[in-house]
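See below for the structure under consideration.
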Amino acid sequence: MEQNKMASLNTQILRMSGVNPRKCMRCGKCSGTCPAYDEMEYHPHQFVHMVETGDIASLLQSESIYKCLSCFACVERCPRGVEPAKLIEAIRSLKTRPVGQNHITPDEIPALLDEDLPQQAIVSALRKYMK
Amino acid sequence: MQTITRDILLEKAASLLASGTVNRVLGWKKGEFIYDVTPAVFTNAEDMYRHFTFDCFCGANFSKYLIKETQKEGKVLVFLKPCDSYSFNQLLTEHRFDREKVYAVGIPCDGMMDASTVKALAPEGLTGAERNGDALILHTLYDGDVTVSYADHLPDRCKHCKSKKVVAYDEMLGENGEVTDAGRFDEVAALEAMTEDERFAFWQNELSRCIRCNACRDVCPACTCEKCVFDNPGSGVENKAISDRFEEKLFHVIRAFHVAGRCTDCGECSRVCPQNIPLHLLNRKFIYDIDRNYGDYMAGAEEGSRAPLVNYQIADPEAGEVVSGAGGDKV
Amino acid sequence: MQRIGVFVCWCGSNIAATVDVHAVAEAARHEPGVVFSTDYQYMCSQAGQNMIIEAVKEHHLTGLVICSCSPRMHEATFRKTAANAGINPYMVEIANIREQCSWVHKDMAAGTEKAIILAKAAIAKVHLNTALTPGESKVTKRALVIGGGIAGIQTALDIAEAGFPVDIVEKEPTIGGKMAQLDKTFPTLDCAACILTPKMVDAAQNENIRIISYAQVEEVGGFVGNFHVKIRKKARFVNEDVCTGCGLCTEKCPQKKVPNAFNLNMDNHRAIYIPFAQAVPKVAVIDPNYCTMLKTGKCGVCAKVCTAGAIDYKQQDQIIEEEYGAIVAATGYNPISVEKFDEFAYSQSKDVITSLEFERLTNAAGPTAGKLLRPSDGEHPHTIVFVQCVGSRCAANAAKGKEYCSKICCMYTAKHAMLVRDKYPDTDVYVFYIDVRTPGKNFDEFYRRAVEEYGVHYIKGMVGKITPENGKLKVQGSDLIADKQLHIDADLVVLAAAIEPDKSARPLATMLTASMDTNDFFTEAHPKLRPVESPTAGIFLSGTCQGPKDIPETVSQASAAAAKVIGLLSKNTLKGNPCVAQSDEWMCNGCSSCANVCPYGAITYENKEFRMPDRSTKVRRIAKVNPAVCQGCGACTVACPSGAMDLNGFKNNQIMAEVDAICK
Amino acid sequence: MQVNENNEFRPKIVAFCCNWCSYAGADLAGNNRLAYPADIKIIRVPCSCRVNPMFILRAFQRGADGVILCGCHPGDCHYTSGNYYTRRRMAMLFSMLNYLGIEKERTRVEWVSAAEGAKFAATMQDFAEKVKALGPNKRLEDLRCKQ
Amino acid sequence: MMKVSYFPGCTLKTKAKQLDIYARACAEVLGVTLEELPDWQCCGGVFNTSKDEIATKLSAVRALSAAGKAGQPLVSICSACHNVLKQTNAAMQNDSEFASHVNHYITQTGQGQMAPYHGETTVLHYLELLRDVIGFDKVKSCVKYPLTGKKIGAYYGCLLLRPSSVMAMDDPENPQILEEFIRAIGAEPVIYAMRNECCGGYMTLEEKSLAQKKSTAVLDNASSAGADLLVTACPLCKYNLDKNGQNPLPVVYFTELLAEALGIKEA
């Protein structure tokens, strides 16, 4: 049952992201280029591998999915066109969409603000981390 | 502008015969009726004075006669109207006759009447017809003289004349004209704008009248093969008569394809068709498509030019991307 | 009426599993003209072929239809069988019921139905087949080798050794190619110059070899055995026959700022120069873009110092025209431009270099006289990072890079790393790799030595970013085994750039009408069985112009190409392809449409006198096809409005018969 | 046109393939077992430029529902320029057929290289589906040849 | 006077007013009027790459469609807005499933039904407007007070260039557009490797230490390469480099320098 659910989540991730993890040739350039590497438990090349092998549960549990800076360096530099950042985005969307799964809530925000902080930062935080 | 008359042509022909420049003249002579003027070959001035004619019914293209005449000894004089001169060039391009054997005299033209027009205007008792400036005067048995506008009753090919410029000649009589383009693709565009079903119905109606008399082929200046594919048992399409529904289309499509890029749009095919099928609309479709996709090209405008279907550009559009004007397609 | 035999192959289960072969044979039996029909497990086997021969004899067959695999596979086999059975080889037609039927249709009924139709089409065609005999043409016993690198040199030497004259056309002022720029060669570490330069000298001294350096092929006409080639020999402004190669001019020339292409522009030479000491021909050349005399008419120092009087400022390009029987393409490769991969900062730092530049930096004849020094400050680098697969193995639709593996980088990088550690043990060497690919004799052993004996740090992972900062190169990459992101402060970074065919290859291929793949490598006639021949007859392939290869492979292929050339040149005449166009002179009207579309210039016209049925005579212009030049494409047959032009083997009525059979 | 026992329309399709690229591409599709409808029957020609418009019209006349012509990609012709002529000829012919009211989808030119087995199979699949959707070719058929 | 549609975005209306005001004024001088879209809504700040994410991209589609209706290219300045607009436009062009979902929304629901949209509008960054429409030569000729002698580092960050297949503004690894801009206003560009690396801005709320580390690395690299000043087009980058970067290198919006050079703003 659980296995079936994971398999269907996996399909959903592939569909949402449009990524084919089988294109990966395990060169590790994504992880070599990632600016948030050290903050992550799982690293970009591992995301790809885990989605390919269907280990979605671990990814959904991991804080790593919130560490991606969406800078697209991995997408740009991947020699095989795998686009790891899109996988992470899909997993994050999947995680935050159900009710009560927001990674950040509006009431947490005021404490984080300072007067120079551009709206952009707040808006994008809301977009990235909550539904 | 000097009007070209029978006398002027006679005088020219006579002097060329007399000087020995040519020993034959390719011209026109009267037929049974006023409107069926036919090409004829004259070898002396006397015959010419008797039979040579030149009036508003001299639309016939000399090309086929020219090929035959140039295979004989001596030099032949030919009169070239603007549209004839395009065929002349095209034949030269295709090495169909020896230029040395021809003395070409260019004559201006502002449209020639054809038989079906006058027959339609005076279905019964037509005894004669003549042009007087802008007027066409028809002499009839029952209604006396009927006068109509000449220009308004020109056949389609002259209404939509592609050029009033004689592009090849040794000598020009009168003043040469300019290349025109009087909306000759309008009819094609109108057909293109129809739906597939309408177009099919149109052509079904037109082409099913075909009786495979081969007149279009025999008059066509581009159909100058020694032996036509349709007469060649080895071609796989040999066929003398209509035997089924698609046969006539096959014939006309292949004929149009064979002359595509070589057709000078003289309109002779439609003129001679006893069933009044607008065959020139097939040829013009190819010309229009070629112009739109590969750049303007007029067969015969220049001797030696390379026909578009034996040429290519690396950047040509793909077959699925050509501009073909096809509108009204089923969605 | 033909007597046709139909032979349906099972191809083991390859065909028989999805096509009911008995049903096909049975259906064929009822076709008009078929007097024998059978099926057999392996028609191409000796037993199968014997069965065909027996059937021909027994049933007096005049035409054969083989329902089997693709004609691209066994058409030649069955034509030979027909010949052995005593009938014309061109009386055979193949119905492709394997690749285009049994392998692509899973349903037995549909597969069988289609196989029967394909068989009927082939039967319909063979009815109209006629015996064809190939024409013959003479062979010019001289070969042309385009490219004077190790591939071209080896091919030329082997051809010359066999006694045939051969010309090498080289676009640079000297032969030698890329190998001349290399320092040591893997896996033996002998010096490239030591093994290459004797071969260059051999080539120069061999009386069968003519080296046409500083030249390019400009026009190729003709066909196998009879190529006609125009070669433009660029003006070098030095009389090649007089120059002694003393080099005095190259020291006295006042224009010192000419980038030295041989050293990849890492230093300069004079406006008159000899590319390197062992150049062949060892003749100076003036670069007209820099020479003051050629640009302004003032200077003339080289002419003054030349005791031989070899300088000729008025020298013009020269056109050489020659006939050849065979042409070998040996145009070689270049590293790709790595500027597109600027995450590696090649365009931002002088200390990020390509592997070929590294070769020059460690070469005793290079800009640093063999001392490994940083290009930016001339200091000795203590930490060196090698990055593999730069631009190789990229996705087909990637915006940059090549899809293929460049094949040589793993080994030369191991070589570089090893040499650095050997000469400068105080240097740390890191190699970032995706895979280390070492198939080759003594190759893996070599790589393991670099790791085990020389202590090169091999890191499974890729560099993501290089940041030049404060004189260092901050290398950020992944170590997938350690699961870490590494940050290395390097002094020098060496990029193993992908290799690509030389830019001159594409226009050359067009001239040769030789096909190329999407990467501009020449296509071989068969990837496994005819790897050194182009599909275009008489064109052969040598070295990296066909695909990435190292020196031993290049040399093997060069010799293989030479063997093929020798085989061709040793024939006095060649049999052509009989499937050529033919014009029916009674129908041809000489309109020239066919000649306009012929890519080979195979069609000419003549005026011929015909006796007409009425006994008169008529002179007509008619087309003539030169069967030795015609390659049989058929473009002319469609351009011909009268249908006078037809193509043997693919005649109008034959194709029409196939159409009819399929549409029945 | 043919109809099988389920009364399902199965189109008759003639594919002309040049020997060097497209025929080899078809072989490659076979090598890779890439399926496409059995309605497609291939006729081998040396070059796409060997295909005479007469062959195509003949196919239609004898009952084909679709005709597809495959050659080397422009620039890759084994005979250097054959497919460039093909491109013009077929563009003009197909435009003319459409002008006569013949559905565009019944004719197609596609460039398939020897390496594009997958493209070959996909192209044939797609073409067969499109032709099937159009239904039987009535407008160009030669009724005389029907049984 | 040429007119283009203009999408300012939320930050340019609040914290980054300078960016907005000078951009308009400079454009006027250079012969282009930035016509603010009448009813623009916030772009959302990020383009969620999930294909089934529809609602958050509608405001961008509305803006694109409105510009298209006006027959004008859509210009934005903020890197984030530009990225969202451009990526949304590309999705409308290339992802037919996505486009049909979106068109279902915009044509049938919401305030004021709209015509279906398929990515017809040209999306330009203000820099592209300068380079491709106005031309840097023209910019150069309009400069009154060239910033001669100033050594300026261009900071691209990530949003402006990536993904390059969609943004298609410049070479993603070796961009030149800002450098050309710097040359056009008379200053000297300083090339440094970190100019196209992420500053960590998105982490400024959650993981300040990461934002600090990344922005400091950018600033350090730029100053070691000899830059006196950085220019950027992104408000978040500017904030992050200013606030979190442990390096005093000043960061300004490129439009401010343009305004100075054109004599609109006092230096």
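Order as written gives the chain letters A, B, C, D and E; numbering starts at 1 within each chain.
The rule is simple: a residue touches a chain if its C-beta (ideal position, glycine included) is under 8 Å from a C-beta of that chain, and two chains touch if they have at least 3 such contacts.
Computed from a predicted structure; not experimentally measured.
Student: Which chains make contact with chain C and with chain E at once?
Tutor: Per touch definition, common to chain C and chain E: A.
Student: As a test of understanding: of all chains, whose mean C-alpha position lies farthest from that of chain A?
Tutor: Relative to chain A, the chain whose C-alpha centre sits farthest away is B.
Student: Between C-D and B-C, name the chain pair that shares the greater number of C-beta pairs in contact.
Tutor: Between the chain pairs C-D and B-C, C-D carries more contacts.
Student: Would you kindly say which chain has the C-alpha centre located farthest from the C-alpha centre of chain C?
Tutor: In terms of C-alpha centroids, the chain at the greatest distance from chain C is B.
Student: Using mean CA coordinates as chain centres, what's the gap between chain B and chain C in Å?
Tutor: 53
Student: Report, in whole Å, the distance between the mean C-alpha point of chain B and the mean C-alpha point of chain D.
Tutor: The answer is 36 Å.
Student: Take the average of all CA coordinates in chain D, do the same for chain E, and state the distance between these two points in whole angstrom.
Tutor: 49
Student: Please work out the Cα centroid separation of chain B and chain E, and write it as a whole number of Å.
Tutor: Roughly 64 Å, centre to centre.
Student: Going by the contact rule already set, what residues in chain E reach two or more other chains?
Tutor: Touching at least two other chains: 164, 173, 197.
Student: Where in chain A do residues touch two or more of the other chains?
Tutor: 73, in rising order.
Student: Could you list which residues of chain B touch at least two other chains?
Tutor: Residues 229, 235-237, 309-311 of chain B touch two or more partner chains.
Student: Please list, in label order, each pair of chains that touches.
Tutor: Here the touching chain pairs work out to A-C, A-E, B-C, B-D, C-D, C-E.
Student: Please give the residue numbers of chain B that touch chain C in the complex, ascending.
Tutor: My answer: residues 71, 93-96, 224-229, 232, 234-237, 258-259, 262, 306-307, 309-311.
Student: Using the touch definition from the top, list the residues of chain C that touch chain D in their complex.
Tutor: It comes out as residues 70-73, 96, 98-101, 103-107, 110-111, 113-114, 117-118, 121, 510, 513, 515-517, 535-536, 579, 597, 599-600, 631-635, 637-639, 647, 650, 652, 655-656, 658-660, 662-664.
Student: Which of the residues in chain A come into contact with chain C in the complex?
Tutor: Listed in rising order, the residues are 23, 25-34, 37-38, 43, 45, 73, 77, 79-81.
Student: If we count contacts the way the header does, which residues on chain C are in touch with chain A in the complex?
Tutor: 343, 389, 393-395, 397-398, 401, 432, 434, 460-465, 476-480, 483, 485
Student: Show which residues of chain C lie in contact with chain B when the two form their complex.
Tutor: 584, 586-593, 596-597, 605, 618, 620-621, 639, 641-644, 646, 651-653, 656-657
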